[in-house]
Amino acid sequence: MTEMTRRERIEVLVDAPLVRKLAELAQEAGITGHTLWRVTGGSGTGGVWSEDLLSGATAKCLFLVIANAERADAFMAALEPLLDSHQLIVMRSAVDVVRAARF
Amino acid sequence: MTEMTRRERIEVLVDAPLVRKLAELAQEAGITGHTLWRVTGGSGTGGVWSEDLLSGATAKCLFLVIANAERADAFMAALEPLLDSHQLIVMRSAVDVVRAARF
Amino acid sequence: MTEMTRRERIEVLVDAPLVRKLAELAQEAGITGHTLWRVTGGSGTGGVWSEDLLSGATAKCLFLVIANAERADAFMAALEPLLDSHQLIVMRSAVDVVRAARF
Amino acid sequence: MSPPVLFFVLGALAAAARSDLAVPETVAKGLSLYLMAAIGLKGGVEVSRAGIDGQLGLALLAGVVLSFSIPFLVAPVLRRFGRLDRVNAGAVAAHYGSVSVVTFVTANQIYAGSGFLAAGFMVAVLAAMETPAILSGLIIARREGGGRLFEPRLLHEVAFNGSVVLLLGSFAIGMLLGEDGYQPILPLFTTGFTGVLCLFLLDMGLIAMRRLMQTRALTVRLAMLGVVFPLVNGTLGVVAGVLVGLDAPSVAVLGVLAASASYIAVPAAMRLSLPQADAGLYLAMSLGVTFPFNIVLGIPLFRGLAEALTPLMGAA
Amino acid sequence: MSPPVLFFVLGALAAAARSDLAVPETVAKGLSLYLMAAIGLKGGVEVSRAGIDGQLGLALLAGVVLSFSIPFLVAPVLRRFGRLDRVNAGAVAAHYGSVSVVTFVTANQIYAGSGFLAAGFMVAVLAAMETPAILSGLIIARREGGGRLFEPRLLHEVAFNGSVVLLLGSFAIGMLLGEDGYQPILPLFTTGFTGVLCLFLLDMGLIAMRRLMQTRALTVRLAMLGVVFPLVNGTLGVVAGVLVGLDAPSVAVLGVLAASASYIAVPAAMRLSLPQADAGLYLAMSLGVTFPFNIVLGIPLFRGLAEALTPLMGAA
Amino acid sequence: MSPPVLFFVLGALAAAARSDLAVPETVAKGLSLYLMAAIGLKGGVEVSRAGIDGQLGLALLAGVVLSFSIPFLVAPVLRRFGRLDRVNAGAVAAHYGSVSVVTFVTANQIYAGSGFLAAGFMVAVLAAMETPAILSGLIIARREGGGRLFEPRLLHEVAFNGSVVLLLGSFAIGMLLGEDGYQPILPLFTTGFTGVLCLFLLDMGLIAMRRLMQTRALTVRLAMLGVVFPLVNGTLGVVAGVLVGLDAPSVAVLGVLAASASYIAVPAAMRLSLPQADAGLYLAMSLGVTFPFNIVLGIPLFRGLAEALTPLMGAA
């Protein structure tokens, strides 16, 4: 059977202009990479939104990192001060990955 | 360490015209928000599809909600009658979130 | 309560031109379908990338399948030889699904 | 064949050869917004020149009656000959009562290319025909159901449907501007029109043929109906146009409208209101069979019919 | 009303009626790139014809001073009358100091339609006014904070902002090409311009109205300021233009620039630098209130004011 | 410099300054579909006017031979001087044998701007040169491997590649329409052409420069080859064109085609067939080095060479 290793999966819902900041924090936490995709709408306490915006200032992305527990903890700690000011939604769960050495 | 709380993550694969209906059901179940993104292709018993459609009638979205177990159950129950008629694919798993009070 | 069944969720981050190959492997493993969405950027050992590419040759997708454990194992085994040559990132986790007979 | 039709054929052939040629969805959406704005403006400017007379009212009436009644005509055929259940028959029927904007645009362009000019107000008829059929389709599908016929939201969505709003809005702007006010935007909306239509029909050819090839739901019987319906409905449209006394080009266009089947507004409405109906089925019929039939054969056919029948009425 | 303004109104009405009419985001982005390239080229070609004199320097100076100082003017009003905290006041103020490219483009087009032609170099003034206000907004928001005023990355992002680069780059290309070199691309960039502007303003109408309807943050007081600010700032712009001795059309355009509020560059910068400020608020004010006000009322108003005041200076 | 080249330079400078200026991917895709349809149509209309003679056959032959053989020529250099392994050498070599549509389009436009008009059938030569090189590249990469040379699906994908289908399809439509039939779509496809090319090359400048800046794989030696290859291959193309007796403009265009490297069709094919090859590497070379070289220097160079060599042959 394929060898799989347990890693942490962290997903952050974040405004597009703040993505670069997250990427820096992930890198500082020793995480080797990230993956990003645009979400196209949603609703929350701030009301309903959809992507039909010119400025992209309030466009949102899902920011995904896979990392071992230690780096994941470091990243979460680095996110802590931003949670409220940047209105982040953060989800963490466990996944099994292959080629685990890279994460 | 950052304080994290266990919540339920429900993802529904749904046709774009039916998203608003799901959003209403989630709201009625007491869930505070949702997040949405377009999926661009796939295959299933209905055959291969990709997004090159004019009408958007068969475009599909991933509809994500985070909620506590009780609200998640209520939402699942509300989805029940739609499962077959709306051809929904529903995934549920556990995640840890920060700022859990809002979910 | 809605009846839910445990299934495996496999997500593969893959270059767009290779998606069709993955779809074939999933089908050969007996998996009934898949869902696909474009990711719009990221970073890794290969550097930062974003989708502003003409050729689509290096555009990336998330390829999601839900399957029972047996088929999931078969699919993972089929992916094994491609992992390095195709630079795949593979995540596996458990989800509960409804209408489980179809997966 | 005219350039737009040639590009349509190119798209269909490319899809048939399983080429990966594709027009990005958002670009196609952009082109269709352009086409609707342009056709609305042109109609409005034309009306501002020619004035409105009783004809418009009669043409609107004919259009609304056709859109509302065609579904009741085709649904029994879909059930008996096509072997569909009530819900699917209602959903498909709604498509045939409603109209295809692109078929209308292409007909106008091809007719205009040889000086066969329909009245500007036909744009309003087009807009008016989009929605009555949806009501009919729901009545058919739910005739015996206990629930309410439609959700209030649906009526609103259908009435303020993007394409109806854009068509009628541009039409109104065209009337307000008149020929002089239209000059500054004429280069984009008139001069570039046929070229944009070519690119759009290239995409339609790709989509229609792929739809046809991917479908699993289309039976031979239903495919046959996809050709018979436009023939019958188009003839009804021509006859209705002649009866209300329209000029030959407008009669032909009314025939094309009646013959055409929706593949944008109605599918979205059906997905919402009759989710258990098979979307693959109604899209395969309207987009994969009826649309190509009308573009290639229906448009010249209904012109011929209109030219043959209109004088009869004039003589009466 | 001119065609672009009519399409803007159509978009706003469609959104008010909760129609699902929408221009895909990427198409709108494409149209806005076209508009910026076209306006830059036109300005550059115009300057290559008319030459540059001291006026440019004075106009640039006036623009930079306006952009930098307007935020300090409006911020206290936002705090006291508008009841905003320091951070939100700074963020909103930055928007009003900066400018809206589309408002500028629409003003130019409407003015030019009746032969009221602003100097080509006003494009450079537009570009110069985009960023100083961001600096002011941050100074206001962080006046007492301990941290550094802005991250070095911000300065770079703001200086090499896509729209600034495209406007100034096209302006430079227009100057290099001159009138003869411009001929091969004139059909796309000049002939099609007003039409494209119509489609773009249709989208802006939709977006502005939806923004207004979805907002939860906009109070009556703030909505009032969204009208008062352009009136006051636009008058300041006109006066500044008269004082530095510009011709009447350029004076009017400087008024429009001062009156306009950014909704592209500044929101992105504020989201990055002042993430705790409420994006819903500043977008509702600039996009939902001030932008429509300027398009419909501001543009003719500042022309009237410029025509009234410019002769006074000439006479002095 | 011509407007398209100036916009290319603007894009490259903007990317070098790390500006966030960007053309949305789908818009760029739309523009490229337009350019391919336009160039195909123009070629077809031109051929319908001038007729086809033996020249077309000879030019096609020359093109196919060049596309097939160039990879065998450059691969050893890539291995020895460039220090690549067999697989990467094969992948890169395939790019240089194949062609860049945009380079072709730009060359045609620049040449035509000064009355240096290549034959219409060169569009067919362009299409014919896209794919033979892919075969050669795979032969090189897999010469000693045990597996089959290529999957059957690849052949199909390459033969019915979107750009080949659109180019040849539009070419055929152009021939069918002839000059009169082309008139209704001439405003979009001919009048607007140079302007659209400007916007497209703006994007290409951004992409090429970003590619160059982001690459980690490009060594100095490989970058040098990215300039040497177009020089050598372009000269071969010019010589081949002279030998088969083409007129000077067509000779120059054949030189440009030989010099150009693919960055759309071939990368996608290589990603599929040689996934272990480094995509960052071949895109950096073809898009980041060779494409800009050809746009700025290659196009005028091969014209000069063609004008110098063609008379020699004519005299023979």
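Quick notes
To keep things simple, chains are lettered A, B, C, D, E and F as they appear, and every chain counts its residues starting from 1.
Methods note: a contact is a pair of C-beta atoms (placed from the backbone, for glycine too) under 8 Å apart; a residue touches a chain by one contact, two chains touch by 3 or more.
Predicted, not measured: the structure shown is a model, and the values here were computed from it.
Each step here moves to a touching chain, and the least such steps from chain B to chain E number 2.
Among the remaining chains, those touching chain D and also chain E are F.
The fewest steps needed to get from chain C to chain F, moving only between touching chains, is 1. For the touching copies chain B and chain C, the fraction of interface residue numbers used by both falls below half; the interface is of the different-residue type. With centres computed as the average of Cα coordinates, no chain lies farther from chain B than F.
Placing every chain at the mean of its C-alpha atoms, the farthest one from chain A is found to be D. Distance between chain D and chain F, defined via averaged C-alpha coordinates, is recorded as 41 Å.
Centroid to centroid, with C-alpha atoms defining each point, chain B and chain F lie 45 Å apart. With centres defined as mean CA coordinates, chain E is found 34 Å away from chain A. Note on chain placement: the centre of chain A and the centre of chain C lie 19 Å apart, centres being C-alpha means.
Residue positions of chain C with contacts to 2 or more other chains are 37-38, 84, 93.
Of all residues in chain D, those touching 2 or more other chains are 22-23, 25-27, 29-30, 191-192, listed in ascending order. Chains touching one another form the pairs A-B, A-C, A-E, B-C, B-D, C-F, D-E, D-F, E-F.
The touching residues of chain D, when paired with chain E in their complex, are 26-27, 29-30, 33-34, 37, 156-157, 160-163, 165-166, 169-170, 172-173, 176-177, 181-182, 184-185, 187-189, 191-192.
By the touch criterion stated above, chain E contacts chain A in their complex at residues 22-23, 25, 28-29, 32, 153, 204, 206-207, 210, 214-216, 263-265, 267-272, 275-276, 279-280, 283, 287.
Every residue of chain B that touches chain D in the complex is listed here, in rising order: 15, 17-18, 21, 46-49, 51-58, 82, 84-87. Put simply, chain A touches chain C in their complex at residues 1-2, 4, 9, 19, 23, 32-38, 61, 66, 93-99, 102.
Residue ranges on chain D touching chain F, taken from their complex, read 1-3, 6-7, 10, 13-14, 17-27, 30, 113, 191-192, 194-196, 198-199, 202.
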